[in-house]
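In what follows, chain A forms one complex with chain B and a second complex with chain C.
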Partner chain A sequence: MQREKMMKKKMPYLLLGLAVLFPATAAAAPTGQALAFTCAGCHGTDGSSVGPSSPSIAGMDPEVFIDAMQGYKFDERNSTIMNRIAKGYNDEQIKSMAWFFAKQTLRLKPQKYDAEMAKLGAKLHDEYCEKCHEDGGKPGDAGTLAGQWMPYLHYTMEDFIDGRREYPRKMRRKVDAAIEAEGDRAMPALIHYYGSQH
Partner chain B sequence: MPKTVSRLATWLIPFFLILVVHSVHGATEPGISILGEEPPEGFDPLTGERIISNERCLTCHGDEQMKTDVRDDGSEVKIFVHSKQIRESVHGELNCNSCHITIDRVPHRKAPAVIVGCLDCHRETWEEVKDDPDGKHERLKVVNESIDSYMQSIHAQPNSLDQSRTNATCYDCHEAHNVGELGSIQRAEKRLKNPEACGKCHEQQLEDYRTSVHGVAVLEQKDSESAVCSDCHTTHEIDSPETDKAKLAITKNCGDCHEEAQRTYFDSYHGQVHRLGYTNTAKCHDCHGSHKVKGEDDPTSEIHANNRLENCRVCHEDANENFLTFWPHGDADDRENYPGLWFFKLFMQTLIFSVMAFFWVHVLLWLYREVMDRLQGKGFIEDLDKPDIVYFRRFPVVWRWIHGLFAISTMTLILTGTTLLFAHTGWAKAVVVFLGGTEMEGIIHRTAAVIWLGIFFVHLMIAVTNIIREGKDFKWFGSTSMLPNWKDWSDLKGMFRWFIGKGERPQFSHWTYWQKFDYWAPFWGAGVIGISGIMLFAPEKTALILPGWMFNIATLVHAEEALLAAIFLNSVHFFNVHFRPERFPMSTTIFTGAIPFEEFRHDHREEYERLAATGEINNYLVRKPSRRADLAASFITTVLIMAGLALLTLVLIGLVTSPN
Partner chain C sequence: MTEINRRDFIRFATVAGASLGFPQLALAANPKVVVVGGGVGGCTAAKYLRKLHPQTEVTLIETKKVYQSCFMSNEVLSGDRTLDSITFDYEGLKRHGVKVVIDRVDAIEPDKKQVVTQGGETFAYDACIVSPGVDFKWDAIEGYDEKVAEVVPHAWFAGPQTTTLRNQILAMPEGGKVIIVAPPNPYKCPPGPYERAAQIAMYCKHHKPKAKILILDPKDKFSKQGLFTQGWSKLYGFGTENSMIEWVGAAGGGTVEELDPSTMTLQAEIEEFQGDVINIIPPQKAGKVAFASDLAEGDWCPVNKLTFESSKHKDVYVLGDASSAAKMPKSAYAANSQAKVAAAAIVSRFNGIEPPDPTFVNTCYSILGEEHGISVAAVYTLDKSSNTILPIKGAGGLSPMNASDQQRKREVSYAHSWFANLIDDMMM
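Up next is the complex of A and B:
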């Protein structure tokens, strides 16, 4: 009886505690930031990759990020393991991660490049690529090229050219024009140019 | 008591804490957040949508080196937007994708659908700013009115070949990126481009327009003051030119520049019919040509001397050479160019003013005198102790019928005729609609005219027969003759003396001078109105013997004389017969044929004395009309008086509101 009375007395305080905490507990689903931590293994801390073939995704345009993730998730984009990983996230989680990475500062590591080729690449970029990949290919609404890992760029361009990845028709026109202008040197030159930026 | 308070506090404190914590939690989230992440820079913090700067769009669309792109199907598409133009336009401060709402990604991942909806944005914006006190959005009101007009127009109708689109939409005519403010250079440029804009769809019309005086001025001489398509066809309230609404609008719009031509056109029969809202008559473009309009000196012009008759024959199939001398824009106020017309107008108006001035003064003085006399107990006052039993027979049956039919046909003619004369009034338009249109009105007018003239000639035959029958006994200037005589002149002078209190009321014979005036006026009227009316009745036949300008004269005098008759009969005649205090409210003698004996003795004293002296008076004495005859006469008289007063009112409204 005494105990029951005690419980009755303490009940408001218990309720108070629950009520005060409730808003915090309701928001306790994994945040975009928490989800993004799992990407660090390949894409580096906060998306600045240290590896040569995993691209940096820090500062990445969120819609480009979402396009990529959705492309992997539905097997519409060529990948090694990203198509498996992407299937584990829902749209909300992908969008939250996209916003998280977009806000991260891209920390680039210097890469070895051929200065001659980079010079030619700069010329080609200005002529064929700059309109979409603004500011020398810095992170923007058409993706991140400047400072991106050169092997990744190389594989990606191969995917485009060899038909393993959907080739935007305007991009195809421009790439074809660049190759027509400079032959086989065009792609390496552009990759050296992007690799030269850091 | 303290226990209760503490228990209450125990429950209330947590309640308030919950409120505070929740509200603080809420207040820390002003924008959108997904799993703890807020949108990055370059995205709308409230919606998470990308903010696309105009500069980003203009990277490609503002590149003067690359004004076109190629579609997937290989076709070329213009993508260039003049960045300076758009900055200076009324929409210069908007984002590109405020209008191009389907654009959410740049560079476009897929060929974008160009979908722009002007209407909702203008409507919603107006709803938001219409109560702004500074009034700087007033122009948006006009835009919204234009939208309403457009929505009713033929351009907003589904295209008959492709019902998924309208015939034309905003940006088919408005250069979407170059909409200038009022008075801006863009506006003047836009006027010059208007024919080309319309010509994108209306190709043949543009080709015709190029050859016209308007087209040469606008397209070759870059004169933005000359007429472009929208000046005639309106900008937004566009209708098929086959509709009455469009035809009426086009004529009105011609007059916006050609004011004099329109004024004189509206004075013509063609213009009067048109002004009533009917288009089955010659309109500006019927004679001048529409898109190919040219000056009269141009041999290819429809109004060139060589082509004009053919033009008239479109409607007047039997028109002969005399039609060429008709003045379609004859101006009775232009003495220099139309002296004949000017003279006839001067003559008719002098006649109207002098007749009306004289008789209205006569009416007013008479009214004054009778009122003064009655105040003094003088004049003819009905003796209630001696009710009228004996009447004087004044009109035989035939004259009563003639007067009745004459009154009805005259009123019908006034009503149907003045609708044309006062075509600018609302009542005229309503009357014509009521009667069933101008063609039906023409039939009624002409039927009434035939009856009117028929009665006139029947009366003439009877009168002549009576004179012949009396032979040598007929006294041309006797008391029962309608011919004016010296006594009328002295009666007139006597009346004016009586009016001003300088003499006794004259003692009248069988017919008074004002009755003789009423009698002879229709002779003049029948001559003027009848002859001009017959000329206008059958223009092709008239033109066999008379020049075309006679139509101008006939139209003018027909109208002026009718106006005189309408005003005179319904004011002066009504007063003389019905409204003067001794007769008020009416005299039914013209329908009963009989006048109370005492009244006759008072009004026609001299005739009474003459008849009494010879004993002839007994031949004219009749019994009081039956109660039924009296009521019928009162009824007919009342109806005619009311109709007459209504007509007088309509005519006066027409005169007062006349634009000329």
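Up next is the complex of A and C:
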């Protein structure tokens, strides 16, 4: 079971390897690249947003990207505009965009953050978040936190906490524990910590 | 459902393998592309041509030394941002290897496949991109012309006129009246006049609370109307006796026929209106170079929407506001999206292959108050048989009516991101 999951996780990267070796030239449907290019006006060239709030999507795990898009498409995830945009794409197109963004290098820009808060956030992250958001929240199989635009992280956490987004049980337990430990400072501290990385 | 399975893998591998058969090397070593116009369409095309096909020699010719974006220029009128904050040089494009020439092009020469500038330089091309934006129909409103526009500004190109209009609003008396004359369809930035009214109201609410903003409109409905009406009501009392904003549509006599600049009076279809500040946004057509180069039919330039190649001249591509790209609106995001389709099509031609299937997106934000943003979005596909760009059914559309304050506030923040990323994507 574990191994099967691993295989499935690796498959997109195998495909990406092929996509790099043989750029798709056959004209059938829009290529992943052509589809992904249309996102740049909000998410930055090749998915690295220059901010101040729309998230970077470069280097995202393909499955995280697909889950997000499907969530928007079926109105299972709160958004302002993405629920309207995601409905314009079929499963194949969403997959091909996922592969495109997964192979892009995430380029981060420095953000203003409070060093004290970031320090507290680092401690909270290690204790409550690192197990799933590995390596300080770098792009991985649980979304990009490290260097992500801070207002976006803030909106996302607001949505989880206020019940506008499906909250994984394990995550809720951890977030509750962090808030229990540090009160109202916990969320901003974590956001400042992620914002401090670039 | 979301996992990528083995069958997809094999299918993809087969497609990728099959593509190896294309004769990719049958192209001129360094094809030349000349881009006329340094706005969203021209800049994006130049950058993406270099990105997709680095051996392409790209020359962009633009009359002005800096680019000033029309999107977010209404926010200069409220004082929310400065003109400097929407002014950008072309250094970013140069870093992508684009040769930038500041000069004027009167007309391109499709027969000779060359562009001669006013400065006397000649540029030969394999493909020419013309992205001149809009020009005004100066004869539409009597008494209004280019000269009068220096004192009764249109401010529909960001720049000196934006500053003029801002200063006039600052200088008008406490209970002054601003009149915005909206243009007939089609024109660039469909929600622009109505966002402008809100931005001027945003300033007046704090500094001249008795001021009035009147929109005279030759149309009976307008872009994002429900959302504008709701936002104006919430923020500026629209619909009440004390409303700061008033809108008069065609049926109410909103069509303006004449301006008397000496008395600051507008003659509309039914009555006269007098204003302390008048902002006339004239009816529009494609930019001058499009007409001089025989690219227009009627007011706009017909194109093959698979490639954005002109229907009238081979190897010439017309992008953005000047093109006839129904059903996409004339917007910055649309021009950015079209430019990438054209760039990919041109590169395919250089490579001797069929152009890829196009895909387009438009997103457009309007900011009505410090914490009140709204948007419209669409994802488009090309219907090849009718050469029409169609919005995908069930997708896109407007921000919901009655959204929470929190959602409206987030849309302001995303509007700023849209601005910053669009500028970055086109020229940085």
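What we mean here is this: the second predicted complex is superposed on the first by the 170 of 198 C-alpha atoms of A that agree within 3 Å, B and C clash if a C-alpha of one lies under 4 Å from a C-alpha of the other, contacts with A are read in each partner's own complex, and residues count from 1 in each chain.
Keep this in mind: contacts are C-beta pairs under 8 Å (C-beta built on N, C-alpha and C of every residue); 3 or more make two chains touch, one makes a residue touch a chain.
Note that the structure is a prediction, hence the values are computed from the model and not measured.
Of the two partners chain B and chain C, it is C that touches the larger number of chain A residues. In the superposition on chain A, contact is made by A:95 with both chain B and chain C.
Judged by the touch definition given at the top, the superposed model places A:30 against both chain B and chain C.
Once the two complexes are overlaid on the shared chain, A:85 sits against chain C while remaining clear of chain B. Touch criterion met: A:43 reaches chain C, while chain B stays clear of it. Contact with neither chain B nor chain C is seen for A:111 once the two complexes are overlaid on the shared chain. In the overlay built on the shared chain, the residue A:168 is in contact with chain B alone; chain C does not reach it. Of the two partner chains placed by superposition, chain B and chain C are both touched by A:62.
In the superposition on chain A, A:197 contacts neither chain B nor chain C. By the touch criterion defined above, A:148 reaches neither chain B nor chain C. Common to the chain B-facing and chain C-facing surfaces of chain A are residues 12, 15, 19, 23, 27, 29-31, 35, 62-63, 67, 95.
On chain A, the positions that touch chain C within their shared complex are 8, 11-12, 14-15, 18-19, 21-31, 34-35, 37-45, 49-54, 62-63, 66-67, 70, 80-81, 84-89, 91, 95, 149, 151, 155, 158. Residues 1-6, 8-9, 12-13, 15-20, 22, 24, 48, 333, 336-337, 340-341, 344, 348, 351, 353-361, 363, 375, 377-379, 392, 394-397, 399, 406-407, 410-411, 413-414, 416-418, 420-422, 424-425, 428 of chain C are the ones that touch chain A when the two sit in their complex. Chain B contributes residues 10-11, 13-14, 17-18, 21-22, 25, 34-41, 43, 48, 50, 56, 59-60, 63, 72, 105-107, 109 to its touches with chain A in the complex. Listing the residues of chain A that touch chain B in their complex gives 12-13, 15-16, 19-20, 23, 27, 29-33, 35, 62-63, 67, 92-93, 95-97, 99-100, 102-103, 131-132, 134, 141-142, 168-170.
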